[in-house]
């Protein structure tokens, strides 16, 4: 397939490499020329603009930081919608708010294009290994159409429902994640202060009703899970500032549907406190420092 | 073994039955005579006081609502410490604060008795089926001594560390549980309002980083897990008022070690709001009503 | 003076009336023709568009619901910037985020116009009586220029600092207000439940360190302050949904400067809970219902 | 009058001095002999026990850290109730929970004594100057009886209602205080980050709906109020650990009447975070450091 790909950051670049490995032809664009140069060696074509990247594409994929960037890439004079052929499906793997998805889908529909939201989980590791999970929002037909392409970059391609529900799934998942991690951090720190061995505490929680990914796979207490960021100084992993962005999307989405988000809003402030003290790049499990200090 | 058992409520009574089934001789006491009568038919001896129940016991087990009751049962004129033989181990399966455990252990030690904390998880169902988990705080020697007796009532007998750590494990586990459940409730309700099918959302969360017992086993959204209280009007299960008690123990324990408990304190207020509106007996997953109303 | 006025809602309409009373000539525009009709009888000119309203204006005043409306009114083809004369000062009395103020000021500056933020406090009562407080953001020169015009509509014209600081003052003020009201509601309800006469409690708080506008002027407990909305079924006053909007601006502003907003974010969820249950139009002091129920 | 006074700490000692100045005879006791020695020079009699201090007293006054101390001082073998004459009124100026007040009043009544709660506000400064406010819980008769004695130590002697309501007034007042201070800290810090002059912001808030004691008298931003602890490095004033104690009483009291305390519970965690980082002795307005860091 001929694929136009916009956004070659930490996620986009390895995704393009996996598309190339699978035999697709990729015409790529990024505002940073260096990002394009690195991919040309791997077989990608460096495009001069979003419009150029998608001019003869059969699929368009965007992977951008926020809704404002997606809007610009779609609607600029040299943007995607200026040159993409009618009937081509645009897949947006950025994490953005569901309302913007609907706006973009309407813009695309006016040009005869489908716009499918397909945010990912799995991080830069999953992007490199081609094991991402894609949460796809669109009709059954659209899902069938994008699945083969996404399969070159991911392991699980999940159909979430209509347009926008891919983002809803991502946001709701990360809302629980941000809350549960703060909760596990609070409990592990409390247990330590009350004199239980953190390894023993984690083991008990992991076989009981406190069992969760934030405890059994990604425990924030150093040394409990050897492969977790907490065991390497909270380096790598899923950055606090990224969690902060996702909780912002969640609380904004709650506001948009007139629901309170008690737990999410508080968790958001805790990660904000971490970011404010200069720890925004640490893995989000470093939130335990608010309880334990820098031990 | 000859066992003196004090406290024959919803948990204590089935625990006694399992001890009897295992061939132990049980002398039982409760302030409610009817509770004793029901067990006599099963082979228990009804004692006239805690002192009488434990007079010739080789083990003492207490299962009471709160620390004040344990204190009274131990220290009353006709209490356990007034008649129990030196060297007998007292096992307290109540859920109480770790500081009280240490006080009671000192009182018992002064009389030549070990006091072992062994709170349970598994609820009334686990008590009836003999599949409770016991979280045991005490020395390795004490653990070895109580394990055979507890095995008649439970499946997992976990050694948590020194005296009091059984309560610490219980409290920290339920702290995470109360937080995670409120978080899952918030996310499921948000997802519904944003238009994703709750069954699809739960399925995605359960295979991703939001995975937790509160979502994959006990999801608060009606119909998602057929066996969960949410699918039967939040009847049965683990009552909101019990969760409220445990979160109270957790936030009090945090206060005692001078740590904040941001997430736990907020979750506590949410369950309190449920209890205040008259829903304290509903399963704690009914907290989702704060987001969804009574749909 | 010749004044172009855009936005004739509950606030804008009485503001225009006061300008007319002071002898100014007002050319007014609103998307709702009925709103214009009502003012023509009072002497205003009904304009066909924002551009028409400001074509020969010496001052422009906008009073709109949100930043998106201000943006549209400024930049539309028939908008303010399309026809306003160079050198004319644009005064925006809407409550919007400080970042948008800076964007709009830059747009205006590019056309040779000053853009001054001047949000108000005092509500519809103050607008009708001409006793509003205006919080003005702009240079000292700009402040001097707008003060005479604003004085026709308000009693206190406060210079807050450079462009945007009028909004900062408004947002920070209402952040404290929303928090303090929720706090007073919590305490008054607690006091009632603990058996103190609410009138006595309020009297003590009002002469002690709990003294605040939310207690001594606008107490949320019915009957304590006869003139407060709480004493007339929470009708009128400052609506919950308006407080919700302002706390949204405050928490968003905190996010923009990477600060946590623990108390504001929680208060926001409480007002959101009120709005969700259908009480968004009640005065914001009705938040006490979350504690007292509907008594 | 002959007065037995128990508890000679930072508050009790200056209160005794004012009683002596007013011509009362004071027999004083404290567990710390040095505290008694310092008062003997001022004319007090140093008693060997609470019982000795009150043996021939016409009034008893207690000023102790917590309910457990009051309980011990009342009921010990050499305690107040062991020797106080029937008919003597016991005035407790400690800040404790209302439920304990009722327990103590019942114990006293069984001995023929009235027990009146009369907690204070005004701090060590007010204690020294004799300008404390006393919040009195008891019958009208009891109030009339204690007022002359309390007037030697305070300026405002307020009758709050029946036994326990003095504590209720104190707790509810400080609940609002702790919340409002955290709110003002959040807003002042936000305003600073958004670029408004903190002096201007405070001035606006103090003449608008954010007006409160925490802003206009005790503003947490350094330099805004010259006499506030914030302007002298948060030294002196009302310590964070004392605010923490009072918010603990408030949230516990809310729990006892089955009400949520959303705002109070969160504020409590913020002061706890301050205490945990070693700032428990700083004035409670130092909570602004959680937002501004140590600037």
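Worth a mention:
Order of writing sets the chain letters: A, B, C and D. Residues in each chain are counted from 1.
Heads up, the rule we're going with is that a residue touches a chain if its C-beta (ideal position, glycine included) is under 8 Å from a C-beta of that chain, and two chains touch if they have at least 3 such contacts.
Bear in mind that the values here come from a model prediction, so they are computed numbers and not experimental data.
Listed by label, the chains that touch subunit C and also subunit D are A, B. Looking at B-C and A-C side by side, the one with more C-beta contacts is A-C. Separating the centre of subunit B from that of subunit C, both taken as means of CA atoms, is a distance of 52 Å. Distance between subunit A and subunit C, defined via averaged C-alpha coordinates, is recorded as 37 Å.
Of all residues in subunit C, those touching 2 or more other chains are 254, 259-262, 266, 270, 273, 276, 290, listed in ascending order.
By the touch rule above, subunit A contacts subunit C in their complex via residues 248, 251, 254-255, 258-262, 265-266, 268-270, 272-273, 275-276. Contact residues on subunit B toward subunit C in their complex (touch as defined above): 266, 273, 276-277, 290, 293. Residue ranges on subunit A touching subunit B, taken from their complex, read 98, 121, 133, 135, 156, 158, 160-162, 164-165, 168-169, 171-177, 179-180, 182-184, 186-191, 193-197, 200-201, 204-205, 207-215, 218, 250, 253-254, 257, 259-264, 266-267, 270, 290-291.
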